[in-house]
């Protein structure tokens, strides 16, 4: 548990306070207290229950990872769950991390099992410009949420890039392979997840910005609306990514289907040329005693000529059908 | 019919009361009475009608399995239908079981044709810590509903596991077989059913938690909201499972389609190599008198060389097209 | 036109009244009059216009089959259109039949071109227990609607059975045939129609049960809500049937697609085994003078051995690919 | 511009008035004036602006074809755009025609670039029974709209017929041809368009019938609701047509897919029978010196017997698989 | 920064004012000031913050391209973001350009990084007919927005044309090629984007036209509603384009599928004719000593006759199946 205290008129953040100092600090209505609990212990939870007297159900909610953001108003505090995301570089996916918190008349509590880079950023910011605290706990909370939401951007940019790469892969694919398919499926799943997660955060921020909670005063609403707007854009982008990926799947299936057509054309052309030639050769391989052609001096050469005519005829037939020829460049991805 | 009675100040649940004692018990406004009817008899129904004077339509609703949850407010009681689920281990499916009930000013009635493990859990709990009853019938009902909803989790975990197994099956499938297909179809149906059922329960709990009913006092609302939140997460999970399974079906169809491409490629490669060779052999099987090559000393060997060149040429052609070669490892699931 | 009159205190339904008696009967506020017009004549319509003074547009609506249920409130009566269904045994489909009606302060009028078994049931019921009329016209109307909706159940049960049969057909299908396809299409269409029809009835009953109409007093609302609940379940079932049938279509398409894979595998295996063998035979059918193998004593037998090796090699190749072998039982529906 | 005037007590429509008479006519509050502008000139527009003093934007809306119906209330008049449809017999499609109009305290103005048969019908009606005007301008407008909407019915009937014809075509199709496909696409597009157009009209009529506009008095509302109900049925029908056509597309694709299976089966059966026979013939075409069978007296006949056994065996194999045989009648559309 | 000032009674736009004159100008309540900032500098932003005292968050929003339109009301001004589109001729796509702006009691500010042809049009208009300013800032803003939305039309027309061209391409396609596919995908994406963008603008204009903002007086609402109506039509058109393109994709896939059927038919016909003939030739190529036919004088000719009969028989068989023949014209796109 890390406690940061700001006092009006004192241009410095006071640090180093412990849980024991909290009851006294809370009495001082002119102070702004931020209690950040990273990887909280049982003692920290006791503080929530005994010092702050939060509803036992909310503390239980904190302890468990709930996977669903919410904001609830109680008599003199607001409890919220929001989620941050971190691009998981190793596996091309992203993780969600849960941030629980409380907003009171003169305090903000953040509670999280995972490290939040955005929270560390805000702490750093406060240490350098403590004056930011002057606008009260709702403004501090806004700054935290703003930072949390800012970390959605790299994840989105990552998608942008991966979808671009995917589309190129699809149209230049040498073979229909299951690898592209699983990339599509993975991306789709991730984007749907991002859409879902950011949509839920958006609902929370919407409620915070519409003046529903007394603890978020009206002059703070533009700031929360700003975070909300950011989430609206994230959701909007996630939706357009989803459409792009759906399009990619359709394109992939079509490309595979075109590929099958290609294969079948090759087979048909080969068969249609070779089968008649083999038949002709077979005819003159028959052992009838009376086959005048066999004794003709130029019979053998004549047969070759016939066979060449047949082969060329088939080629022309397929060329007319548009199955082979000059435009093959366009139709085969290998062209 | 099993009757549990709690009286303020008496730290013990009184059991063993019968239907005859009910009229008297109900007069005692300081008592909390829980009547649990498992596999109810006609006599039990008469109690509902004659002692509690419930609306005949609600008692009829109790008797029949209605497959649709609801909550209705009457003058001095609330009637509800909710559903529990039990993982049916034998058949990879899950069952729904119906729980009807009434909440009155000083009683809770539960009515069910099937055994509810969650209800037995609550009874056990009350026997050990009867003080839980002190908060009144709405709290008791909350505890019952909370337990009922808790039993959704194993079913969800079961899905999680089965979808994982399914996805592995799809990408390693040796053959497109109808078995995988029916697994997908079964899972999809089950998840849709779960989505449907939990969504309906969610609506009921939403109404209970938003202060619509006078019999559920305001201080009880956070507890009902907690159950509601749990159902929201169940619905959310069921929805993401549904998306996963839809993705699986698409993946399966694509894998089958890739498989067809594979088969056609094998056929085409074989035909394209063998047909020309057979044709060449056919040519020199002809019986023309005048075929100079036949009399050449090395004609036979020359033909073999030509045939090898043709075969290698075809192989190179297909390799260039990317149909065979080093990367085949990636494209065939057997690789 | 058939008129049934109930008078308070008289435990018998009075029948046999004619249109001429109506003006007088309507004056008697203590009577409950039910006018049932089956296959109505023009005279009947005149009664509606002249005796009851209904809005001409509603009478016109009665005359025509409107295919859209509605309920409209006028100054002192309610006009409604609802629909019943009858399972059409001959053609595996179901028909909808329209019931128009009016509810007034002391009368109920039902107007229908087709025979309604549910209406006959209610008449029978009234004759045996006339006391049911004591609760007024809204209760009588409830009984009629309840009966009409009860006749949805056999149609639903019919679907249940047909979908079960369909699913079995799909997975055991010997050939992809258009018959199964048209069964699926027919079922889908019927279920969508049922969903549509029952959904519209549901809306009507919803409006009737929420206390919108003064002629349906509050104490009658649970009864209408009961009919509404029944329709909610019908709609819910129809929706799950629709999902089942959509799943069936997907399964059918997949089974057909798997079947194509099977066919292609058979073709490929045959071609891949036979083409090389034919080629080998072709080689030794060549007529070169100098082919040492031909003069070898055991050449013929050696060729047979080579051909057997090739054939077995191909079989092993396909077995390794999983195209043939022990598991074929699972992958082919005929297995 | 054609002007029809009705005056209370005068059982005749006065015609032949011109734009110059309008200011005077409008003063007469007991008159009902209908100004119908077909293919309006600039002079007509000046009348709208100068005599009636309509908002310039609405007059501009009139001039252009807006493709979007609307109704707007101004201080003392209502401006509306609705659309009629006409079955375009030559091309199996239908056209929409725009009707702009104004409803004032004692006048109705209709403005349209195309000929409206429905408007001509209403004029004819007024001339024969002028008394219809007695109920005021809102009733006159209702009559016009009623006629406009009545002309949707032939278009709907046309769809009904075409979909029936389409479904028959699909299941009896001799070949998968692109013609059926473009019929489906055309129908789908037309139905979606009809759904769209009638849906928008429905919204307009809904607003007119719910008492939103002071110029449409309450006692006129049942008449507008009647037109609205008609449009509800049109939308409902269009939606079920859309479902039917979607089903047709699925059926068509399935039939094409079944057809491919048929073709592949024929190919496979032919190949599987012919390839082994050709191989056997090839074996005995080899030129080995030492081939005992060749010298056997009945070798040739024995080979024929073997070949017949192989052929029959293959046929039995495919019959067992269900690919050929008695039931082929059902599976092939040509049967 | 370009400043245009209109003063009541002065029939000329005053230009050439600079940022320094602004404070004074703003005091003059009878003036209408339009400040257009194209490619704004930091000094311009300072003006927004220091002279106009706009909320810092809105100025930050201006600076960044936000990709999401909005309108926000502050105490004495409205801030909005809307988007224009420009057809990007080089790449068959279209671009969106962002316009930020403020509407105050006597000023309009437009702020944009890109050149807006619509804004230049409005400036030109004002210079020629300054009287347009007489109706106040809300009317000026309406004119700007009207022009911005007018530029959506060429983009829509462009789509219309491209979809027409696409549909022709699909049905006359010589080969299933990935080019058509990527055209479809591109179009779909662009139309979805246009639908999205215009939908968002529509929401903004809806809010502006429904009287939500005090700065847009009631008499201005018809003008904003006019712009809104225009956007409704744009959205409607974009939706119908989307449907058309979805239909195109389905058509394309079907055409590709029909093409595969064509290819397979050709292959099957060739194989089925050639394989039996080759077999017959093979039979009489066997070297049995005792083959009576070989010694027959007309055996060779008899075999030819048999082979012709077989070939004709196969052709008739396929003709009966409808695979070849007179109607091939219709079924093949090459016809």
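A, B, C, D and E are the chain letters, set down in written order, and residue numbers restart from 1 in every chain.
Just so we're on the same page, a residue touches a chain if its C-beta (ideal position, glycine included) is under 8 Å from a C-beta of that chain, and two chains touch if they have at least 3 such contacts.
This structure is a prediction, so every number in the text was calculated from the model and none was measured.
Counting steps between touching chains, the shortest path from subunit A to subunit D takes 2. With contact taken as defined at the outset, there is no chain that touches subunit B as well as subunit C. Chain copies subunit A and subunit E are related through a rotation whose angle, from the C-alpha fit, is 70° to the nearest 5. By the residue-number overlap criterion, the interface of subunit A with subunit B counts as different, with under half of its numbers used by both chains.
Centre-to-centre, using mean CA coordinates, subunit B is 41 Å away from subunit E. If you average the Cα atoms of subunit C and of subunit D, the two centres end up 25 Å apart.
Under the contact definition stated at the top, the residues of subunit E that touch 2 or more other chains are 257, 260, 264, 267, 271, 275, 278, 282, 285-287, 291. Residues of subunit E that touch subunit D in their complex: 171, 222-223, 225-226, 229, 232-233, 236, 240, 243-244, 247, 250-251, 254-255, 257-258, 260-261, 264-265, 267-268, 271-272, 275-276, 278-279, 282-283, 285-291, 320-323, 327, 330-331, 333.
Across the complex, subunit D is touched by residues 55, 57, 61, 66-68, 70, 72, 174-179, 181-182, 185, 188-189, 192-193, 196, 249, 252-253, 256-257, 259-260, 263-264, 266-267, 270-271, 274-275, 277-278, 281-282, 284-287, 291, 293-300, 303, 334 of subunit C.
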